[in-house]
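Next come two complexes, and both contain subunit A; in the first it sits with subunit B, in the second with subunit C.
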Partner chain A sequence: MVVRNYNEELKYLEKINPYCWRIKKGFQPNMNVEGVFYVNNTLEKLMLDELRNSCRPGMTGGFLPGVKQIANVAALPGIVGRSVGLPDVHSGYGFAIGNMAAFDVSDPKSIVSPGGVGFDINCGVRLLRTNLHEKDVLPIKEQLAQSLFDHIPVGVGSKGIIPMNARDMEEALEMGMDWSLREGYVWAEDKEHCEEYGRMLNADPSKVSLRSKKRGLPQLGTLGAGNHYAEIQVVDEIYDKYAASKMGLERTGQVVVMIHSGSRGFGHQVATDALVQMEKAMKRDQIAVNDRQLACARINSVEGQDYLKAMAAAANFAWVNRSSMTFLTRQAFAKQFKMAPDDLDMHVIYDVSHNIAKIEEHVVDGKVKTLLVHRKGSTRAFPPHHPLIPVDYQLTGQPVLIGGSMGTCSYVLTGTHQGMTETFGSTCHGAGRALSRAKSRRNLDYKDVLTKLESMGISIRVASPKLVMEEAPESYKNVTDVVNTCHAAGISKKTVKLRPIAVIKG
Partner chain B sequence: MFKLKLTALGHPNPESFNCEDEKEYRSVVLWLEDQKIRHYKIEDREGLRNIDADSWKEAYDLYQKDLVSPVSDGSPNEQLNWLLSYAVRLEFADNVTKYKDAKIEQPKQAAPNVVSSNPLDNLNFSSPAFVNGVERVCALTGVGPHSDPKLRLSAVAKILKTSPHPDYPRTEVSVVQQPADVLKLLFIQDLRDLQTKINEALVAVQSVTADPRTDTSLGRVGR
Partner chain C sequence: MDEEMGGFTHDDLIIPPVKYEYLDHTADVQLHAWGDSLKEAFEQCGMAMFGYMTDLAYVQIKEVHTIEANADDMMGLLYHFLDELLYLFSVEPFLICKKLVITEFNTEEFRIVCKCYGEEFQIGKHPQGSEVKAITYSAMQIVDEPKDNRFEVFVIIDI
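Right, the complex of A and B next:
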């Protein structure tokens, strides 16, 4: 690889408008298409600082800076359009988190890469609404937080309270949310308001290793650790009254529940297993990539298809997982308020996935093409009238749920036509890390973090308080910067701002 | 290829003719000249008769030039197509009286006459209203004139399929936009009805299958 200093690197980057930068070919070797990333002034500084640091002599090892990773993805075989970095982009395994890339399915050389999906397959966010007002909840906020904490097991090594055997698991992997529906854990309307209707049809549990299934079985219905959480939030500000009312969000102070979780150890094992298979496939098919972490296989190879089927099973696992937690949340609320979840109007507003690869149709250079779209730390954001979004959101565009870092705010956005043409209908997914986990542990004290949250009036229940500084707001980019950039760049539209009043965490 | 024209001209085996095969191609050209076109005197046809000779190509080029073929620079398929059409024309000219009264046999309708409930099927495609409507849509999408409005309409359909967002003149926005909006809203209403029925069906099935259980003794909070 060529070694250049920071100023030489900058020659390959061009600011094309106040919110968008272009990464020219040549920034990394063999780029098939250009790269692009969306930032505002604050995020731009973080992004370029990261690049500057990596240019310092003696900086080797660790993850490559996000810009470099975006460019490396642009060098993968079969990529079309541009390799897109969203405002919350930060270094990840192979692909940056906050990177989307689409590959032409009709090109036999096109690839699928587990690094482009991430280890937490179908990590995503679900938002439930209620008809409660903040003032109904505040007096019993602590009890409600405790009740949620008791119902939803959290943390590393937690186990779920929904009894399941191996056969249930096989069925759940194949059926996704249809399993939860059949067993009565969710409502029919929940399925309607879920990306892919909560089920990837190409899931094949027989392509999943026994080890993954063993890891996954006890974890169904658990939140997990890391950045996952369940939050009780209130509507803080409404930007788009019409779209918000379509989602059943009518007034500020309305209480909602956000669940951010994924496929737990199951998805992690599926990804790990696939990476081993893909290294073999790369050698056989002579696929050259810039970074070893970008292990991949041709979409139509056995390894590629096996991965897509196993990944779909993991996606179904995640939907069943979030559905189980929906059930438990409704129970917790029903107990505290002594009312049926129906009467509390606890409907699912939407459920988005932000770590997934899906076959979609897009218009590329005026022609309709079938693409395999990788979204890693990136949320699908389809515009109004798109056939794949629920009928209730046909006029507003797909709701996009953006979970902020712990204790800060979250947002609901909607998809736009501009996003459809510029980013294959994709937008940001959250705040995006600014400090590494290790750095956060070194620089912050967990007691300070907890005190600060309390002083903000946020009830918090954590399984492992000593890891809480990894998730402190200081460790993340400012979610408001991220969301404002997406809004200003036109790739999605701000609808509602949410503010937490209670947090449950691993 | 060329089956219809060869059959019309009475070629011995129109079914199996393969125009990609050089030899068959040459023999058909010779057959056309010998039997139908007869542009040269018999003794002048020597060049075309030497099917296996390399000089055949030159003779063929000269032959086309002599016939004043407009496609003598075209692909072999185009050239042959013109020759066949020319031969058909000569054949017709020779027997005008015979062919003039020819009637096209209506193919027997295999299926019983189904009365369609689709209002589009019952449109009168030659009515002035239809023709005018097509004229206006064509002007917006830039489709050129043609005497058959149905053909123009299918051209419009093709444009809509290949480029989903045709640019229409700004002044005409409401002409296209308003009906499109109405259609979209009607569609959404239908879709909502369908989704409600689906949900009702799911709930009906749930009343048989659902048995959600929890067992708190299984739960364990992690670290």
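Right, the complex of A and C next:
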């Protein structure tokens, strides 16, 4: 790592407009392209503070600030355009979280990196609507929250309740949501409102280790822990009436359910296995990177292809997982309201992935190119008329689901043409951590956090008490700042604001 | 299960002192463990990970399982050792450990054999702590300085 003082470091950064900073070449060694990050005044301070702290003499903590990580990604072979930091960016493993980067598939030197996807492959957000109003739910809110908590297995050590054996698992990995549909857990139209229609076709379960499958099997249909959650929310504000009505969101107070989860132990193990393989491939192919954590392999190498096939299987696992929880959510609502999920209009509005790598076509320097787009803590946000978004959203742009932290708002955005050209159709994914978990536990009190949530009218069911502090809103960047920055920068457009009334967490 | 319940000797049930702590990291957590030997620091590091998943006071020693880890270097050995422990928790026998005893600690061929004492994780009996997604090499450090009697390890786990 280059050692410079903070003021020297700042010379490599340039604010090009109120929401966007440029990272010039030379900030880190061997940058092939420039970096860029989107922040407003508040987020800018957090970003630069992180850099300043790492420049203090004697800092040997060993983890790099997000802005340095964005620059290291810009030095990876085959990267095109710019290495992009979204407003919720913070330091991660190799890539920053909230980092996207695209690699030219036709360039034989281009790489794929598991660190650019993350351990929780196809972690994502799904939003279900209902035709209920807040006032229908309030009288039985506690029972409903409890019922949801009883239906969905949450937290460390929990096991799935969807019956599954090893053969089912192989099929699920290959078929994704088509498996869920065949087994009767989802509705046919759910697939339509899902990235990739809930199935990556290049998934190959034979490229997945037995270890991953064994870790995945007991966890299918579980929510997980950490920042994962299921929330009952209500529409708080509608910014774009037309787009909202296309999503079936007609009025404030309308009840929706948001599910944030990923591929569980299965994806974690796929990523772990791939990192080991890639260390070997890097030595063989002499791929030089700035940071050992940026383990990668050439896209067209055996390791690269195997990872993409295993990653696709993990992505399918995640969709089956979210589908299983969709099923359980519909059951919980149906029981409480004594109505069929159909009659409650519990359709999937959309399902986004915010930890994934995908082959996409983009225009680079006026030419159409096939790129491998890594989005880690970043959500795809395709504009209106894009061929890969469903018919229902052709005129509005792809719905983008941004989950807030516990007790704060969430948002629905839509993709824009400007986002397509500036960030390869990518935007933020959530709030992004601001405080470390240990600091949250030291500074916040369990009771205070719960009292505050209660005063906001939020019911909470959480498996692990320490998560209450770790996941408190104070531990995160303000999601409203993050979303407003994306909106102001034009890389996506605000459609609806959602407010939680009940939270279920690991 | 290697040994039936009740087949434990008195020594098996002695719980070693805690020689680990959790350090700050923005998104994840850093385990810091130490001991009178590198072997002990490794054992403590494993316990630090289990201690983050539940409150170990609620865990009893009811079964023992043996794991093996192999690697090409010391960091790799620490990584794979923890990964094997995480795997033991994630699949059958779903073991949450109360105590680890490394019976073979080979720093030349980079091999560990470890006896893991504990019981099956049960929601309701064991408080749910944080879920560990993966072990990382991020900022990993192994301090092995016999002349100063300093044996410490630092590992960031992804949670």
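A few notes on this one:
Methods note: the second predicted complex is superposed on the first by the 505 of 506 C-alpha atoms of A that agree within 3 Å, B and C clash if a C-alpha of one lies under 4 Å from a C-alpha of the other, contacts with A are read in each partner's own complex, and residues count from 1 in each chain.
FYI, a residue touches a chain if its C-beta (ideal position, glycine included) is under 8 Å from a C-beta of that chain, and two chains touch if they have at least 3 such contacts.
Note that the structure is a prediction, hence the values are computed from the model and not measured.
Once the two complexes are laid over each other on the shared chain, residue contacts for A:S436 go to subunit C alone; subunit B is not touched. Contact with subunit B, but none with subunit C, is seen for A:E183 once the two complexes are overlaid on the shared chain. Looking at the shared chain after the overlay, A:L395 reaches subunit B, while subunit C stays out of its contact range. Of the two partner chains, neither subunit B nor subunit C is touched by A:F333.
By the touch criterion stated above, A:Y38 is placed in contact with neither subunit B nor subunit C.
With both structures placed on the common chain, the touch criterion links A:S158 to subunit B and to subunit C. Of the two partner chains, both subunit B and subunit C are touched by A:A225. By the touch criterion defined above, A:H385 reaches subunit B but does not reach subunit C. By the touch criterion defined above, A:G506 lies against subunit B and subunit C together after alignment on the C-alpha atoms of chain A. Under the contact criterion defined above, the residues of subunit A that touch both subunit B in one complex and subunit C in the other are 155-158, 218, 225, 463-464, 506. Chain contact summary for the complex, subunit A toward subunit B: residues 149, 153-163, 181-185, 188-189, 191-192, 218, 222, 225, 327-328, 331, 363, 366-368, 385, 390-392, 394-395, 463-464, 506. Contact residues of subunit B toward subunit A in the complex are 162-164, 184, 188, 191-192, 195, 198-200, 202-203, 205-206, 209-216, 218-223. Taken together, the subunit C residues at the contact with subunit A in this complex read 22-29, 53-54, 83, 87, 89-92, 94, 96, 121-123, 126-131, 133-139, 141, 156, 158-159. By the touch criterion given at the top, residues 61-63, 90-93, 97, 119-120, 155-158, 211, 214-215, 217-219, 224-226, 265, 268-269, 271-272, 292-293, 433-439, 463-467, 470, 506 of subunit A touch subunit C in their complex.
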